[in-house]
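Below are two complexes that have chain A in common, paired first with chain B and then with chain C.
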Partner chain A sequence: MKTGVYFCKCGTNIADKIDAVKIRESLLRQDPGIHFSTVDFMCSEEGKEAVAKDLAENRVERVVISACSPRDHETTFMRVLSKAGLNPYLMQMVNVREQIAWVTEDSGRATDKADRYIRAAVRRVQLHDALQKKEIDICPDVLVIGAGPAGLKAALSIAGSGRKVVLVEKSPVIGGLPVRFEELFPTMECGPCMLEPLLGDVLHGEYAENIELLTMAEVTGVVGSYGNFAAKISQRPRFVDMQVCIGCAECIEPCPVSAKNTFNSGMNDRKAISFPFAGALPNAPFVDEKLCIALQGGECRKCREACPVEGAIIFDDSAKVFERNIGAIIVAVGSDLYDCTKLPQLGYGKLDNIHTSMEFERIMASNGPTDGEIRTTAGNAPASVAIIHCVGSLDPKHKEYCSGVCCQYAFKFNHLIEKKLPGTRVCHFYKELVIPGKDEFGLYHQARSNPQATFVRYDDIQNLSVAGGAEGTIIQYQDNSGKSGSVKADMVILCPAVVPAEDSGRLGTVLEAGQDRAGFFEELHGRLDSAQSKIRGVFLAGTCQSPMDIQKAMNQGMAASGYILSGLVAGRKLEIQPVNAEVDARRCSGCRVCVAVCPYTAISFDPEKKVAVVNDVLCQGCGTCVAACPSAAIKGNHYTNAEILAEIEEVLK
Partner chain B sequence: MADKPKLSMYWAAACGGCEIALVNLNEKILDVDAAFDFMFCPCLLDTKKKDIEALPDGAIAITLFNGAIRTAENEEMACLLRKKSQTLIAFGSCSAEGCIPGLANFHTRDDLMKAVYLDNATIDNPGNIIPRPETEVAEGTLQLPAFYDRVRTLAQVTDVDFFIPGCPPEPHQIWNVVSAVIAGAPLPPKGGVLGAGRSAVCEECDRKKEDKKIAKLFRTYELVPGKEACLLEQGLICMGIATRDGCGALCPKVNMPCTGCYGPPEGVLDQGAKMVAALGSIIDIGDTKGLAEEEIFRRIDAVFGSIPDYAGMFYKYSLPGSILKGRIS
Partner chain C sequence: MTADKTVRGDTAFEPKIIGFLCNWCSYAGADKAGTAQSPYPPNVNVIRVMCSGRIDPQFVMKAFEQGADGVIILACHPGDCHYKEGNYRAAQRYRLLLQLLEPFGIERERCRFDFVSAGEGDKFVQVITEMVETVRALGPLIIPA
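Take a look at the complex of A and B:
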């Protein structure tokens, strides 16, 4: 087997330290058949051409490139091989520049080291297999789970490219949390107004026909892999035909049944047939099956009698299961707030007038339970409000991370209280203040300059306690200087830690996408690839990945779309790189050691053949299973035991 | 009798179990006798070394060589039988991989001599005499075969045609090989393994296997294992995952974890290292994200700390045949 060694001088970078003549002599002693050639700058156009020409003229079968880091130019020289008609995997690159010439003082030692590395590469490359890339057909359509800011943005950008999007939303309403907020930090934009164009585009815009919106639906099963997933989606009955209903709301008033409205954090009532809140989209009410007299077998048909359109209310609606083929999945299921009853000293759930930030958002909303009026349970405007920041955040006993958005909405609250109820005293209790970004300082400075606002910094939330009594609600505190005090507050607003949505665990299991210690969906890489999960083809957007604000969530929705738009293209096949793991089914004993070690869930167990099976699309060639397989039945292509041992043997010779 | 092919069996550093395994062919031993001229076996027959020396080279059809190479005599006989045999088979774990005698490679020859002849509660050796290759006495020079510093496998001293693993090889597998040879069936390429499978013991074990995560290890006396589930999943270190099949999974069938006597599966260079790599991959130490390195080490130790003798556990049969071959001084 004729092996060619191409030695790049890289100008003086390599040639100054490593003696090519000595390397050549040593190689010819190892194998007189070796073809050795030096090139001045191999990555230059002339250099590449010279190598390609030399490969063809000398009928070289295996190639060693002695040059720089493979991270710089491995693919460059693989292309040179392909151009010369050689399989590009029949090449081994030796990094004699960064790893030897640049870091070795003595040129004799540098030459000796390079000699060993190159001889090892010669031994290794002779064992290389001519690996072939595989290609598979793909489906360019996308499943987006969650119709909040991140999911909507992703759905629209993908639909805009002409692809089909299946948009699955758990609740009857789209827009996520911010659509329920009257105003948004940092610029006090109206939440519903800001989102309205986005929601409108999804429902009726230019590309709306590319989006199949399934509300009150959940993804219950996913099989397949990147490029070819099949998802099962279960939808609860709405009992209202969204196509027929005109959203006039005539049906609501006649309904005789009421219950707490969960969309307003249970602070007011809604009917068995209702809209979550005024202006909710899609513009069609939904029926709560458990409340509705008709659906519970009773005689009531009052809503249908009031409905001016034929066939809008359908009492015999039933649960449906949809099966959809898609090539990629974007998870954008959002987040929840930490349960404040886990900090019992704050009195949440026990005392009146203690609200979470979500409840307070709804109190301030003009379509909320109090029509936007800030009132205590006694019906009065509060004279004083305490806002407790960092409830459960930055706290090893609760959630160790900073939730990132609380400071900003707390100062938004400060601003709105000041505007709606001038003269109201506001006291901020905080552990840390976090207000990064170019626009975010405004509300902070405003709160700081508000003469009615005071600030108390605490070390540990255990040093705060909220008690009720004849005098009203009193907050006892010890601040971070050790000073104790108390503040009277007619209303207390808690800013709880942002936590993963309740359903994330179940969805994570369905998708086999891992979750981090806090329960957020785990990204492939925190900085490089935070919009990708570790499962190829499953992307992440918004607060299901980490607490974040609307700006970041929208951006991450776009980022996830970008991966899909560039990686999955209609008509183009998905290339599967051949440096992956391969199971020899005849030698696999079925011990199942490998299945759990794969970080990409690429290995499954075939219960009939009783052998492990590697999914080529998911496998990233990391080699974890190859090392773990106790019977050497898994081969790591391009990193076989024989190749690695030959290399080690020669280096140590 | 002279027309039948000659069969010989020799023991070097061995316990004699391999000969017992051969005799455990029971009445089939008569078939062996019918097919072969069983002419040399110091354990069973009275043929002498000089009788072998007198044979022309290649006169013996098959030699089953059991035992590891511990002394100069072991090596001399190995080379002699190589020369006189057409086919030399490393028979049993000792000659194939070194086995129990090979565990001595964790110590030097001097340490061993000291432990056996000097620092030993049952020895009375007032002259502190240690055996030596040559000892001068009034009558002349007494000679003993030299005791090597290291135990080696048969293949490390001479050219071996085939390997039959096992401590000892199972009689049904011995019969498989013998009957195949008698029938003239084609043998695998030189250097191959006979009388065993190509996979691991799990292949033959009927216990139910799941995806593995092991949070706690037990020693065999600490646990009465359930009859259905994989022993390793129950916390017993069963070497079956890293041991060649062929025995019929005898030990796991009777609730005992495999100790690895059939050696590494095909393609595995180092059985002990493979077992450690596999165990390291499946121990459950919880979520380690964000944990200090010391805490991760502590959790790993908490699982593996219960193993009293790593080397004896993972390299019980394979030390001289492994990559390191013994203690590195």
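Take a look at the complex of A and C:
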């Protein structure tokens, strides 16, 4: 097997320290058949040309490149081999510049070390396999889970490229949380106004036919891997045919049953057949099975009698299961708010007029429980409002992180209270104020200049307590300077920590996508790849990954789509790197140690053949399973035991 | 070729050490020391693996058998592994490995495990220098028959 050793001088960088003549002599003593050649600057166009030409002319079969770090130029020289008609994996690179020439003071010892490394590489490269990249067919369609800002943006951008999108939403309504907010920070844009064009595009826009929207649905099973997933989606019955219903709402009034409206945080009632809130899209009501008399076996048919169209209300609607093939999945299931009853001293759930920020958003919304009027339970406009920031955030006893959005909506609240109820006193209790961004300071300055606003900084939420009494709600506090005081507040708004959605854990299990210690979906890399999960082909967008504002959620929706649009292209096959693990079924004892250690769930157990099976698409080639296998039944391609052991042996000679 | 001999002091013993480095952190850290041109003793012969999780304890035993006086395993810092958790596997295997060395009469100081990030060129130089000095002080490894 003719081996060529190409020695880059790298100008004087290598040549000044390492004696190429001595290396050549040593190699020829080891094997007179070795073809040795020096090149001035191997990574230059001339250098690469020279190597490619030399490889062909001398019919070299195995190649050792002695140059710089493989982290810089391994792929460069692999391409040179390919160009010369050689399999690129029949090459071993020796890092003589960064790891010998530049760091060894004595040139004799540097030459000795380079000689050992090159000899070891010559030994190793003899054992290399001519690995081949594999290619598989892919499905370019995408499953988007969650129809909030991030999911909608992702669904639209993917549908716009002509691909099919399955958009799965748990609730009967799309638009996520912000569609329920009257106004949005930082520019006080109306939430529904901002989102409705987006919702309209999803439902009826130019690419809507590419989007299959499944509301009241959940993903219950996923098999396969990047490029070829199969998802199982379970849909609860709506009892209203969205294709037939004209959204006139005639059915609502006659319904005789009421219950708390969860879409308004239980602050008003809704009927058994209802819209979550006025203007909710898709424009069709849904029936609450547990409340509806007809669905509970009763005689009532009042809604259907009132309905002007035939077949819109279907009492015999049933749960459906859909199976869809997709190539990638975007998780955009959003988040929840921290349970404020876990901070009992704040009185939430026990005292009147203590609201979470979500409840207050609905109070201020013109389609909310009070039609946008800020009123206490007694029906009066509050003369004073306390806004408590950092409830559960930045708190080691609750959630250690900053939720990032609360300060900004708290200042939005300040602005809206000032506008709707001029003269109302507002007291902000805060631990830290966090208002980054080029537009976000506006509401902060406005709050600071509100003559009715006061600010109290506290160190620990334990230093605040909210108590009710004859004269109203009183907040006792100790501020961060140790000073104690009390503030009367007719209404208290709590800004709870943003926490993972209740369903995240279940969905994480279905997708095998991990969660961080706070329970948010764990990204591949916090800065480089925050829109990718650690499972290939499962992408993340919006607050399911981390607390974030709408801008960031929309951006992440686009980022996740970008990965899919560039990585999973219709008509193009998915390339699979051959540096991966391979099970020798004859040696495998079926012990499943490898299944347990694989960080990518790339190894499964075939119960029929009783052997481990590696999924090439998921395997990243780390080799952890290779080292773990007690039967040496797994081969780590390009880093085989034989290759590494030969390298060790030769370098020690 | 000239044999590896004497650099400093009156000792003629130059230890042979094998260093297993993961591609993404510690190997990059070694490259960083290179670009900074920070010198260190040339006794450590680097074997590059993609992940420290690939390091099979038999590689270490083989290195000692083949004449290494010391072995150093360098991994990504906890939480930084490119492959999520290969460095934890490496750390687990290292603890077992130490128990394996003693019956062979190999001092545990001859086998070191440490974390070096891609940015820690200085730490790489320090760890390598310490390792060479430690093994030099122990003297050549003689495995009892």
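To be clear about the criterion, the second predicted complex is superposed on the first by the 651 of 653 C-alpha atoms of A that agree within 3 Å, B and C clash if a C-alpha of one lies under 4 Å from a C-alpha of the other, contacts with A are read in each partner's own complex, and residues count from 1 in each chain.
Here is the rule we use: a contact is a pair of C-beta atoms (placed from the backbone, for glycine too) under 8 Å apart; a residue touches a chain by one contact, two chains touch by 3 or more.
Here the structure is a predicted model, which is why all the values come from computation and not from measurement.
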Which holds for A:His128: it touches chain B only (first), chain C only (second), both, or neither? neither
So in the superposed three-chain picture, is A:Phe605 touching just chain B, just chain C, both, or none of them (first/second/both/neither)? first
First (chain B), second (chain C), both or neither touched by A:Ala627: both
Pick one for A:Asn641: touches chain B only (first), chain C only (second), both, or neither. both
Considering only touches as defined above, state whether A:Cys591 meets chain B (first), chain C (second), both or neither. first
Applying the document's definition of touching, compare chain B and chain C: which contacts more of chain A? C
Using the touch definition from the top, say if A:Arg24 reaches chain B (first), chain C (second), both or neither. neither
Just chain B (first), just chain C (second), both, or neither: which does A:Arg270 touch? neither
Just which bits of chain A does chain B share with chain C as contact spots? 597, 624, 627-628, 641, 645
Complex contacts: residues of chain B adjacent to chain A: 198-203, 209-213, 230, 232, 240-242, 245, 264-269, 274-275, 277-278, 280-282, 287, 289-290
Could you pull out which chain A residues touch chain B in their complex? 516-517, 586-593, 595-597, 605, 624, 627-633, 641, 645
For the chain C and chain A complex, residues of the former touching the latter: 1-2, 4, 7, 16, 18, 23, 27-28, 30-31, 33-35, 37-40, 42, 45-51, 53-59, 62-63, 66-68, 82-86, 89, 93, 125
Which of the residues in chain A end up touching chain C in this complex? 22, 26, 69-71, 95, 97-100, 102-106, 108-113, 115-117, 120, 534, 579, 597, 599-600, 620-624, 626-628, 636, 639, 641, 644-645, 647-649, 651-652
